[in-house]
Amino acid sequence: MEPPANHQGEKETSRLEAFSDGVFAIAITLLVLELKVPALPSSGANSAALGKALLHLWPSYLALVTSFFTILIMWMHHHAILRNVHRTDSWLHFTNGCLLLVITFVPYPTSVLAAYLDSSAAKMAAGFYAGTFVFVAICFSLFTYGAFRPHLLSQHASQKFIETTLRNYRIGPPLYILATSAAMIDARLSLAICTGLWIFWAAVIRDQRGA
Amino acid sequence: MEPPANHQGEKETSRLEAFSDGVFAIAITLLVLELKVPALPSSGANSAALGKALLHLWPSYLALVTSFFTILIMWMHHHAILRNVHRTDSWLHFTNGCLLLVITFVPYPTSVLAAYLDSSAAKMAAGFYAGTFVFVAICFSLFTYGAFRPHLLSQHASQKFIETTLRNYRIGPPLYILATSAAMIDARLSLAICTGLWIFWAAVIRDQRGA
Amino acid sequence: MEPPANHQGEKETSRLEAFSDGVFAIAITLLVLELKVPALPSSGANSAALGKALLHLWPSYLALVTSFFTILIMWMHHHAILRNVHRTDSWLHFTNGCLLLVITFVPYPTSVLAAYLDSSAAKMAAGFYAGTFVFVAICFSLFTYGAFRPHLLSQHASQKFIETTLRNYRIGPPLYILATSAAMIDARLSLAICTGLWIFWAAVIRDQRGA
Amino acid sequence: MEPPANHQGEKETSRLEAFSDGVFAIAITLLVLELKVPALPSSGANSAALGKALLHLWPSYLALVTSFFTILIMWMHHHAILRNVHRTDSWLHFTNGCLLLVITFVPYPTSVLAAYLDSSAAKMAAGFYAGTFVFVAICFSLFTYGAFRPHLLSQHASQKFIETTLRNYRIGPPLYILATSAAMIDARLSLAICTGLWIFWAAVIRDQRGA
């Protein structure tokens, strides 16, 4: 059965994008809820103690900044991909849904990392964080393959962009598996790989935009 | 009294949709707030304990995934319905409002389910969860009947789509009442019916899209 | 100094509306965060106790539903007003900002009401809730006067709509002051007036739409 | 490598704006989550105690109002700037990302300020709050310089607007450094400077709009 407005393929993509944009924007803003106001004992609530407590939250700030830019760059990739796509189908909706699911999940491992990065459970917290991005990378690959099927592509789609994107994304899952494994050795090594990777993805999108 | 721009019926629908999209996107993203960072005793905060605590949260992950896809598929149905609608009136606004109310409510039974699925109160938690969807299904039916009145329909509306949708939605409330009753026997049976139902709704929307 | 695109007055209004829509959608969805998962003692976490605890939350459900429809109807009024407006200026931005401030505030008195409606502090909780709407009503009046200045009006603006709206809104502040005062006598009387008022506003918008 | 739809520069800007609008709208609405329902002992939960507890939260209300209008005015500036911009590039995306990061951060220092303004840690809380706006002001300057590069400007861009904006923003960072330093002397003095500054920014945008 045909939907009534199926010939308006472009409209469908813009809806999917608008909804996804909303989810990206909310997930990126919810990250701040991870930061808890330090609870000082009433008797010792002076400026020095508050300053010390705020500095002590450095793992939270680090986790916030890392997750913020990761989600921001994922949003930019999501856009760059969908600029080449004109129509939608159920598989694109499903793979986009899986991608949004893991993206809305990101604030949780961010909170876990913030809570335990400066503790003796740091390795597990970093592994849980990096491990989440293994799923993100897999979902991104599935989504990209879903989006780049010929019957969905815009007539302005760039074959070169498609090839480069598919090739770049292929290395995502193994590198995040590496970051997850690295967490078993050292939590900071794992985080360094994750940070290095979002800089890499940022560079990739920069190249793709020809800027 | 006529509003000044009432002839621009299409514009009205797009506003209703944009607002509803926002509510759907926020509700689906708020689900992650249900996940609480495990509180480990300072003395025992090692990686093994954290890993165990994170695994112990499996009912939360299950509840998150189930509610996420349920809201996502409801969003897709909401769109498919409104693609056939060109004008709005007060009854459509009211039934859409009721639908949005129960959808914004979904994160709460999801949290209750996550908290008690692995406890001896599991039956009540599952019944509360499934029971919420009885209301969702009723509101969806009311909304659909509201949307499909002749004076609101787009001239491109598909009579076949309308008939199939009304027929499919008719079985929603009784099936969710069944899922709610099943919770009194076994919590997991109730959840299995709920999960089966969102796969059913996903298949329905897939058929309706002709994909 | 003229802004570069000032002749595109319509675009400016649509931005203001899109931003306001976002704030309305988020505020209405955040209401659910007021609902807390009941904390049962591990030893007594059975289905009967959970069911009882969920029923015991009735003031929260009532507060949620009341605030949800109040915000929804405010969103509809906001739209109806701005459909008559074509241009913006600083005063419109400022009064709209004040209105959004009190609307984003609504989830807080809703939580206070939910927490204390079934306690001996019910009168103060209901008075705080109704008192918030005194400010909402004042801000709505200011916003309406700001929006209906001749140099901002659309050429399609309905003089009849403007007159009816201004007359209807004039009774808002005194009626909410009455509801606030009534809370000192009986909390439920105050809530009943608030609920009666959003039904009145819903009827008003229905008349204004000519539906 | 050129993206397929790079000639549609305007579309790119509108996406960036829509995403940013979403983040602004969510950040401004999340401020209310800072307000906590007062926890009264069950035995002493009467209206007088609740009223006193609600009044005792004045630093929270003050912090909420201050941060609300600050974010609102930042949103207006963000718009005014991007009305002059037609195309995007990686640097604009990056500086906009930094700006959004500090804006999503604002609810946190707001909560810290609300929690400690009425305590002996007030100076540090106010300094942390004002210090956040040093970063906001720096990010705004970077963003503005990024946006006003000739190859991104719209052909309707006003040279006078650009010059005035760059000149006005130049005083932002030193004035917020002053407010941060003032916190070491007196917390309220620091807050007064911050409030004075958002009134100044509001006046600036008013002038820029020619209203």
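Just so it is clear, A, B, C and D label the chains in written order, and each chain counts residues from 1 on its own.
In this section, a residue touches a chain if its C-beta (ideal position, glycine included) is under 8 Å from a C-beta of that chain, and two chains touch if they have at least 3 such contacts.
Everything quoted here is computed from the prediction, not taken from an experiment.
*Asks:* Which contact partners do chain C and chain D have in common?
*Replies:* Per touch definition, common to chain C and chain D: zero chains.
*Asks:* Specify, for the interface formed by the sequence copies chain A and chain B, whether it is same or different in terms of residue numbers shared by both sides, with half as the dividing line.
*Replies:* Mostly different residues.
*Asks:* How big is the rotation, 0 to 180°, that puts the C-alpha atoms of chain A on those of chain D, in steps of 5?
*Replies:* Angle of rotation between the two copies: 90 degrees.
*Asks:* How many Å are there between the centre of chain B and the centre of chain C, using C-alpha atoms for each centre?
*Replies:* Distance between chain centres, rounded to whole Å: 24 Å.
*Asks:* How far is the middle of chain B from the middle of chain D, if each middle is the mean of its Cα atoms, in Å?
*Replies:* One centre to the other, that is 34 Å.
*Asks:* Residue numbers in chain C touching 2 or more other chains?
*Replies:* Answer for chain C, listing residues that touch two or more other chains: 18, 22, 26, 30, 33.
*Asks:* Taking all chains into account, which pairs touch?
*Replies:* A-B, A-D, B-C, C-D
*Asks:* Can you list the chain D residues touching chain C in their complex?
*Replies:* Per the stated touch rule, the residues are 18, 21-22, 24-26, 28-33, 35, 37-38, 40, 42, 45-51, 54, 64-65, 68-69, 72, 75-76, 79-80, 83-84, 154, 156-158, 160-161, 164, 202, 205-211.
*Asks:* Provide the residue numbers of chain B that touch chain C in the complex, in ascending order.
*Replies:* The contact residues of chain B facing chain C are 1-6, 15, 18-19, 22-23, 26-27, 30, 33, 89-91, 93-94, 97, 100-101, 104-105, 107-108, 111-112, 115-116, 119-125, 127-128.
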